[in-house]
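Here come two complexes built around chain A, the first alongside chain B, the second alongside chain C.
Then we have the complex of A and B:
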């Protein structure tokens, strides 16, 4: 009896700690979301208001009326298109690395090390090149860079997922007269669709959340939502309503996506080192 | 084995196939990774600035200037300070949090799902959020501190030189501790339970068990987590940009912010080229060394 009693107290204490931690970690997100629903009077009220009187949407309406919300559309275009390219090109490359050991360990290591170089050091040379070719502030320029930046991640992750699937199906398909390319499209892609899906989500999120590439390579035409958020900071007049509403527009879709892929989260963020 | 394909296709076709598969990716990586680098190498030997499109060659001038640029080395120092403070705290907090979740808990999955949300917020949005939280007058943090002190708290979190580091670190640690938590929880869950039981039967204490059994078991994952976060911290930009823009003065300027300011605000193009190459060389050496030690590769 005594030990079970002690166990209950221990569980209760753990539970309190867990709830407190969760509140602590969610509070900044709560605060951001709440500001986006406040009126200007509530945002600039002293002492700060913790719960707006009504959940009104004027901060969002302004973004759509000004056309600033289009930057979320730009994020969607560049992140979406670059994800599709990186997934297709990266997966076939990963197949070659996984099944034929093309280039051996050296090529694989070189590819993943490409991922680890600080973006600022990549984007500066790319910027010089884009100026030369007139590709600054174009969808094409940004999509090309995101594709290149995400390729190492896709190759690395998909190499792991492909190595997980049995090779016998591919051999059977070859015996049945499939061409090599047909094996890739009709056997390998369907077999690793869970990995494809999970990797695509991460690739999308990386591009969607990027700030530094977009800051350097966009001006007005293809500015993404992260760049737009920082445009509202300036001297005395911080447009908090706009900052928060734009941030929520960019963050909410990601929360929904991530909610559906808890299972793949650990493997995705650990570069495949932890299979979760 | 019966094989109806012609011999030439068997040899060349299959051999070519594996290169066909990698060709587009390698082409793009070279196009974005190597080609601009060569161009930058060229530029870094010239004297291009905003005022002067001087494309004559200046030899190693920009590279020797690196050595005497105290602002550059200070920026590197700031980056190292951020890394050396944030990384151990994130690791330790993440480990403690993971310990809380290792046993059964009602609603465990929901709590985990909620706790990882900061990881997927765009870092620049985290920075913006924290600048709202830390606002002197309209932010809740000074308000909460005021409840404890009983008087109005007016700390200038993003301006006061004594407070800018804690401010940035708070945002950074808030965002990335859940990352450590998630990976370490996965690692802890995979520790062999029978070994733990055997140790407890042998009368091993908590710490003995931790250092002799748990730590060696989770180390491979921990090393990967440290590597990933260490490299992320080295490129720290977004959070600092949103909170302080490297200020006050250049107090919180990281190596990434320094490069940005030099290249895109002061337009010292050739010099920035040299800085970018320095970073790439430095990091490549670091990464190659680290990859050999860490088991990301299978």
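Then we have the complex of A and C:
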């Protein structure tokens, strides 16, 4: 009786803590959304306006009328396509490393070490190279760069997931009459589906959030939303309405992706954690 | 014609020499058991047959065709793995049909064959389930179903029963034997369990440290082991090895006043070992109570009982012969009373003699 009482109190305290933390983390997002619906007066009002009088959409309308919103589309294209490329290529490389021990024991370590290069260290050489090849401000240029930059991460993660698959599952399929490629498709992919999705999400988010590469390697044609936002910080004044509306547009895709993939994301991350 | 022929096969894992020159011929339709201690290279040998491991030397022929460089999928082999190797994201039906689909079998035929195989294994009511919803024994049946549903030239089993509990293992042993009889296919079965080997095999191939120690029918190996290792490996409880010395008509047991009479028919076999050390191998069941067996082929011993282990139908009695511990298998009624000293006879016609230097039987 007494212990169950104590348990209830414990549980209640835990819920309170969870709610408090959630508010703490959600508050900036709430604030961002609210600003995007406010008029200029409401934005600068003191005391702050918690809930705008009307949820007016003029900040968004401006973005769409001026074509600025297309930069979100650019982000979607470069992040999406580079994620697909990195996942396909990376998974194949990872399979080769995991199962054929390609390059010996240490190649995998070398590959992941490539991921530790700070972008700023390579962005200017890459820029010069891109100028030479005429790839600045093209989809192809950004996609290539994001694919290359994400490849080590994908290879490393997928190698871990693949090594966790009991090898006899693959061997049984080989004996049953499947080719290696079929084994990868019919056994490896389904066996590490959660890992694939989790890795793809992280890869996508990296490309989505990137600023430095996009800043240096784009002009107007394929500028991503992260670059576009910076244009609203002016010398005299900042366009907070536009900044917040653009930020909301940039947040929504990630929000939906994570919401839909939550199941895989959680399972994929915990799979990786067990492996260490 | 031999269905499978292996010629001086060698396999290395790095510097580790796992298979050290194996020659083996397996006729069509035979049930061969590869048996040996864990780590002796049984699985490796099986996997080279399947094409899952490359070989470093030698050759493997199936139906007269050298398959060294043939991919596993083209060898026409079916294999049951130790840990079942079932796909968790597929139903039992799909797991069993998996190999048929690789060969582009028509849908109707797949359904017929899966139905037939699952009926043979009494898993036809489980076809819609997923592997996680099955017990160990059911998983094992599905794994076997996956192999037998296909028309393969050779069926390989790698310790398929080692994850099951004892009772289920007994049951499945019989089941696999029955399948072999019904299908009449060449089967190669790997196990470390000598009872499985003895009960299931048409032929046993006993491996030791990457080499074949002896092969033959189960009774052949049991009654006429070529080496001390084989003699000790087969049989439970295992054979007693007694150190002794050959003198004229007897083997005197070291450090004791016991001796065993050598029967007439064996005498000339042992002449070359006269006055030399010898190991006498006696199976526990070849001891009996002295008063029961009173014949010239029996040799009498009087021993001090150290331990009695009744199992119901038989009782195992532990005692010493010289320095060597020994076990005799007696009928429970032979042990009435609490005598610590007991008269035993040894059936000398069944005893084997081992050269202690070469460890070969004489």
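The definition used in the following text is that the second predicted complex is superposed on the first by the 233 of 276 C-alpha atoms of A that agree within 3 Å, B and C clash if a C-alpha of one lies under 4 Å from a C-alpha of the other, contacts with A are read in each partner's own complex, and residues count from 1 in each chain.
As a convention for this text, contacts are C-beta pairs under 8 Å (C-beta built on N, C-alpha and C of every residue); 3 or more make two chains touch, one makes a residue touch a chain.
Predicted, not measured: the structure shown is a model, and the values here were computed from it.
Peer 1: Have a look at where A:172 lands relative to chain B and chain C in the superposition and call it first, second, both or neither.
Peer 2: second
Peer 1: Given the touch rule stated above, what does A:162 touch, chain B (first), chain C (second), both, or neither?
Peer 2: A:162 contacts neither chain B nor chain C.
Peer 1: After the superposition on A, what does A:190 contact: first (chain B), second (chain C), both or neither?
Peer 2: second
Peer 1: First (chain B), second (chain C), both or neither: which does A:182 touch?
Peer 2: second
Peer 1: Residues of chain A touched: more by chain B or chain C?
Peer 2: Between chain B and chain C, the winner on chain A residue contacts is B.
Peer 1: Contact-wise, after the overlay, does A:249 reach chain B, chain C, both or neither (first, second, both, neither)?
Peer 2: A:249: touches no partner chain.
Peer 1: Touching chain B in the complex: which residues of chain A?
Peer 2: 11, 14-15, 17-19, 21-22, 25-26, 28-29, 31-32, 35, 43-48, 50, 89-90, 92-93, 95-97, 99-100, 102-103, 105, 107-109, 111-114, 116-122, 124-129, 132, 144-145, 147-149, 151-152, 155, 160, 163, 180, 184, 205, 208-212, 215-216, 226, 229-230, 233, 240, 243-244, 247, 250-251, 254-255, 258-259, 262, 265-266, 269-274, 276
Peer 1: Which bits of chain C are touching chain A when the two form their complex?
Peer 2: 47, 50-52, 71-73, 75, 77-79, 81-83, 85, 87-89, 98-99, 102-103, 146, 150
Peer 1: Give every residue of chain B touching chain A within the complex, in rising order.
Peer 2: On the chain B side, the touching residues are 13-14, 17-19, 21-22, 24-26, 28-29, 31-33, 35-37, 39-40, 43, 97, 100-101, 103, 105-106, 109, 111-126, 128-133, 137-140, 143, 146, 174, 177-179, 182-183, 186-187, 220-221, 224-225, 228, 231, 234-235, 237-238, 241-242, 255-256, 259-260, 263-264, 269, 272-273, 276-277, 279-280, 283-284, 287-288, 291, 294-298.
Peer 1: If we count contacts the way the header does, which residues on chain A are in touch with chain C in the complex?
Peer 2: 166, 168-169, 171-179, 182, 187, 190-191
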